[in-house]
Amino acid sequence: MLNDFALVLIFAVLGILFIFGSLLAGSFLRPKNPNPVKSEIYECGEPSKGSGWINFNMRFYLIALIFVIFDVEAALMFPVAAVFKKWLLSGNGILALAEIGLFVLILAAGLLYVWVKKDLDWAKKVVSD
Amino acid sequence: MIQQLSLLFPMLPMWLVQAIWCGVVAVLLLTFFSLFAGPVSWLERRIAGRIMSRIGPNRVGPQGIIQWLADGVKNFLKEDLIPRDADKILFRFAPYPVFLGVTLTLVTLPFSSLLIGADLNVGLLYIVGAWGLVVIGLIAAGWSSNNKWTLLGGMRSAAQMISYEIPLVLSLLVVVLMSGSLSLQTIISSQGASPVEWFIFSNPFAFIAFVIFMISAVAEGNRTPFDLPEAESELVAGYNTEYSGMRFLFFFFAEWGNLYVIGALAASLFLGGWQIPAGWRNFASAQGPILPHVFEVLMFQLKTWIWVLLIIQLRWTLPRLRVDQLMKVSWKYLTPFAFVSIVGTGLWMVVFPEGWLFMKYLLLFSMLAVIGYFVWRAIWQLRFTKSKADFKLIV
Amino acid sequence: MIRTEEMTISMGPQHPATHGVLRFIVKTDGEVLHEVKPDVGYLHRSMEKIAEKVGYISFQPYTDRIDYVCAMTCNHAYAMAVEKAAGISAPERAEYLRVIASELNRISSHLIMAGVMAMDIGAFTPFIHAIRERETVNDLFEMLCGARLTYNYVRIGGVSFDAPANFKEKCVEFLNHFEPIIDEFNRLISFNKIYVERLANVGVVSREDAIAYNLVGPNLRGSGVRFDVRKDIPYSIYPKIDFNVPVGIGEAGKVGDCYDRYMIRIREMKESCKIVRQALEQMPEGEIMAKVPRKIKPPVTEVYSRCESARGDMGFYLVSDGTDKPYRLKIRTGSFSAMSIVEKIAPGLMIADLVAFISSLDVVAPEVDR
Amino acid sequence: MDYFKNIFESAATVFEGLTITASHMFRKPITIQYPDRTLSPVIEMLPSRYRGFLEVDMKICTGCTLCMQACPIQCINIEIAKKTPSPQPSPSRGEGDGGGVPMRLITKFNIDIALCMFCGLCTEPCPTGAIRFSKRFENATEDINKLMFKFVEEGKPVAPYKKSSG
Amino acid sequence: MLTLYKQLPNFILTTKLDELLNWCRKSSVWYMLFATACCGIELMQTGGPRCDWDRFGAVPRSTPRQSDLMIIAGTISYKMAVCTRRLYDQMPDPKYVIAMGSCANCGGLFKHSYSVLKGIDKVMPVDIYVPGCPPRPEALTDGLLKLQEKMQKEKFLRS
Amino acid sequence: MIKEKFTFAEEVKPQAGGGWYLVPADKIVEVCKTLRDDYKFDCLSCLTGIDLVDYFEVVYHLFSYSEKKPLVLKVKLEKQSSTMPSVSAIWPSANWMEREVFDLLGIKFENHPDLRRIMLPEDWAGHPLQKSYKEPEEYCGMSTKR
């Protein structure tokens, strides 16, 4: 088992080396003529006004928050799902199903709550000043 | 395998043999990835050309087949720009997770019953996790450039990818329910070679799960109709607006690599992966130990490429969604249906522990009917404008 | 409370969605727009000043460049203005040829609009299909007058060339080929659910706004005003031809949304096909050019002539002082007023909607700037 | 109910779109593979009225400069020198210079193709059809000076064509 | 390393390498989506099905960062010239410019105009001039082929 | 009909072409408002200016969509002041048209919400459609000669 993860690790290292190596090799060959305009931020041919680093709209964070909740719960379901078949074969299928159903129901209720609260709607008015 | 190898080189310590073996496999997979992503970009351009009544690249090499090589070398020789006001460290960092996120999934893709980088027992979770790396890269690229278009692109990609990860994971759960394992090899071996033994046709809810999986996987891969992060007509080039040369190429690489990952996952999770009919297996085994694997690999590739081609065609057919519609599709359509399909599959398995053969055949034949209707309809479309399609005035 | 900052983005002059060189200074908090300020003039070529310098006949090729997507109607409008001022009337066959050329060009212009609209929504294929059909129209024009884009075909007092020998057959062949293509185009993109959802209820221009902001042509009709210069202030041979004027009915959403404006163009292409067919049938034999002096010197007068271009009511306001050069030539175009409404409608839309809204107005940069 | 209608409509229209693109994969591209893989050169496919680069047939040019006057942007530049006839016959048109009468010679006939707008206003007044459109359209160059077409070589003036003598 | 390479004399390997790299570069000319006026429509048609620049590996990119070729398609007014120059500057090297049509070549028919730049070569170096008003797509393709010839002849690594 | 309501409006009917009404500059807002509200001229289809060397003329082409008829108003404007009231409050379409007239002819409109140059860059000198306009030798370091 650990072997397999070693492969993943080596793969990751090699992948990083691949990118780094090709960028490094390229840096010997490619031209480099910087000038002040070239290193400006591109904004459709006009000089850029202000920084791009701003306090971004909350909606994005809201989605992220909902995501985290759902993803964690979905991850929790993986082990249950993995043993579901075994339970089924040992005759406890209905119990397992009830468990899964209950869990999904709670999740769905959560989704419904967010839905009704209109936090899923993109254009919901967010207080801003 | 490793035991046999270490017997071959008794003087080397075990861990070194393992490391070398892993390295070889990794290099092979990376090579495969590069060799896939390049030509598929050429293929996509040719297909797109055909759809648009033009030709596509055909001058570079025979029929333009090494177009991708020229593109690669050109970008290799292109100046590498980092804007003055950008966050330089993050800017350099961004391509790594994007590239790795896609390539790392290759480790667990089973090309045949033997050919697999590593059959992790948490395979599916691993794939989801590795895929999650991509979004980090995209946000990093969007944020670090200090450009407003890239920022919007990065934010969109973040919102999109996390939203579609939920239905994706939930649809994977259906497969886990049916197979009882997270390992991809086990999932494939619990299916069969015949279509009725595939998970996709095992019950109607699994079919819904498959559709959800495909839609959200396309969204994860940032392909049309979900290509908002790099929406060319809205955000110039999205998160990679400021990237030039080689760094840009890695984003590109990842995009086409993603295609393969999506296709391969669809094939192995729902369509029986490398499973070949017993008749073929018997025939092949009689010829030698290699041939069954060749057949398996070919079968797997066939199933994968169908989806790769479908996604390519989809890209050149559909317009793109808006951000709020994108969210709507994910949260209001896909996620509820994913819940339904999980509970439904569980119920189905309790009610029909052996499966219901009639329903399997019904699903299979309705699928075939849809495909048949598709072909008929395509021919009808062809004939509707055909007589005039070759209309040329001056030639 | 987390504060949301606004950011100011300059959209254009080089931006894929701004077809040419329009620029929008956009204030947004991420996706929703708070304020959009169009900044035009990147293609100001001083047509009006040139007209004062070069004279009546020499200005004719310049009118091609006012609205290069639909140059025939510009030619036509200008020729009508000068004819009205100088008291010349073109022979009937020339009028028919003008109408045929104008309507064919309307088709090719609307094709560009429909294709670009699809491209801005994200579908690339319909755009290329539109371009493909446009090539055939260009071939027809190449046969007719030898140029693909800047025709200089409609002249003061007539047209420059008579229809070539097999022009009628080729035209009919093209129309027979083209009408099913519109249907295919519709099935490919116009009726696509994603496309409809992207356009319906987006950028709704009310009837009152449309009139007050002086929208013209398809944009005006999209808001439900039944007004077409060809019908209501008839010119040329349009009274002799039977055609409909499509008006927005809000088939997917509200009246005056982007989808209405888009569908009106699609319908107008079909109407144009009808007009071309009729005109080809009715076209009499005869002269194509009236007697026009080498130097046109209209009397001291002023003329305002209107013509239905692909972008709507195109007006030439001509002040002559009796010499062979216009004293003042004002070109009133549809895109100019269409751009001015962006400021009013855009706040509250999303960036993606703004792109759709601009392309649904079918703005051509040189028509705005001239 | 709208909820399911939306799903159905999306699926149906996407399906329809896919059939159309699929059918397009089996149609021939309409591309004309300029420059080398065409059945005949593109220049031969163009219609007879095609307005390519201007060309001047100096044999029948009368030197009337009507084209120069007609051009709105003065991209045609003709210079005419009035000369008393030299004892030798003029280089390009040997015979028939009515001796003694002051003779006009076209010393320069340049068309700036970089400036030209291909409107056709110059070809219309030409009394003999000497200035006309050819079908040539390809002359991309690295040097903008090559876009100045010179129909009269420097130092080799051409005598204008006269209807009576020709 | 590159400086070292530059000092190498011309011999068979370096010239062959140059040729190979140039061949790759010329086979993948990505042009910027930049069109101002009438020529822009012909530029669209050039990318369209009849002429299809994709055959030569030329695809449009909308950001200057990823493009090699800038096609000045149409009239450049003074207001635009400033932006055009900035866009040109923001393209990474190596970069090329095609002046398409009379307006970009020398102002064309807008030579009477007070607001039009008379020739794009006043603000940036131009590699290829394509005459025509507007040039038909084939003429522009001819320009691309001439540009490819020029690229092939360059000494990329030792310039 | 306009004559009855506004005695100061002067009707001009030249021999060729349509006629127009000459309205004093300070009365134009009043006239336009009445025309829009009472005579259904709901659209200002064209607003432009002419430089007649001695004085400016501002021309209003009105159009009524309900009755489908046009009307032309003209205002004479002395060159010294070249200032007149804006009608952009009556027809929003006048906003940009007046900006264009200001940009190209230099006529200033009072009470205009946003009177800036529209076609030419902000730092451009002069108003090019004036007959006395001379083209500058260079702009931003770019020579204007060929």
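Each chain gets a letter, A, B, C, D, E and F, in the order it is written, and its residues are counted from 1.
The working rule: contacts are C-beta pairs under 8 Å (C-beta built on N, C-alpha and C of every residue); 3 or more make two chains touch, one makes a residue touch a chain.
Computed from a prediction, not measured in an experiment: that's the story for all the values here.
> Return the chains common to the contact lists of chain A and chain C.
Joint contacts, listed by label: B, E.
> Can you tell me the least number of steps between chain A and chain D, where a step is a move to a chain it touches?
2
> If you average the CA coordinates per chain, which chain's centre is most distant from that of chain D?
A
> Among all chains, whose Cα centre is located farthest from the one for chain B?
Of all chains, F has its centre farthest from that of chain B.
> By count of C-beta pairs in contact, what is the leading chain pair?
That would be the chain pair A-B.
> So how far apart, in whole Å, are chain C and chain D when each is placed at the average of its C-alpha atoms?
Distance between chain centres, rounded to whole Å: 28 Å.
> Quick one: chain C and chain F, Cα centre-to-centre, how many Å?
25
> Indicate the whole-number Å distance between the mean C-alpha point of chain B and the mean C-alpha point of chain F.
Here chain B and chain F have centroids separated by 62 Å.
> In whole angstrom, how far does the Cα centroid of chain A sit from the Cα centroid of chain F?
Chain A and chain F have C-alpha centres separated by 57 Å.
> Which residues belonging to chain E are in contact with no fewer than two other chains?
48-50, 52, 55, 62-65, 79, 83, 87, 92-94, 106-107, 109, 111-112, 114-115, 119, 133, 136
> Chain D: which residues touch two or more other chains?
As it turns out, chain D has residues touching two or more other chains at 14, 16-17, 20-21, 24, 29-33, 46-47, 72, 117-119.
> Provide the list of chain A residues touching at least two other chains, using ranges where the numbers run on.
Residues 29, 31-33, 38, 40, 42-46, 48, 52, 54, 56, 59-60, 122-123 of chain A touch two or more partner chains.
> Between which chains is there touch?
Pairs of chains that touch one another: A-B, A-C, A-E, B-C, B-D, B-E, C-D, C-E, C-F, D-E, E-F.
> Can you tell me which positions in chain E touch chain F when the two form their complex?
Within the complex, chain E touches chain F at residues 78-79, 81-82, 106-107, 111, 114-115, 117-119, 122-123.
> In their shared complex, at which residues does chain B touch chain E?
Against chain E, the touching part of chain B is residues 45, 49, 52-60, 64, 67, 69-71, 73-75, 77-81, 232, 236-237, 240-245, 248.
> Name, in rising order, each residue of chain F that touches chain E in their complex.
Those in contact with chain E are residues 119-121, 128, 133, 135-136, 139-140, 142-146.
> What residues on chain A touch chain C, complex-wise?
Interface residues on the chain A side: 43-46, 48-50, 52, 54-60, 122-123, 126-129.
> Which of the residues in chain F come into contact with chain C in the complex?
Interface residues on the chain F side: 14-18, 42-46, 48, 50-51, 59, 61, 65, 68, 70, 72, 91-93, 95-97, 100, 104, 117-121, 128-129.
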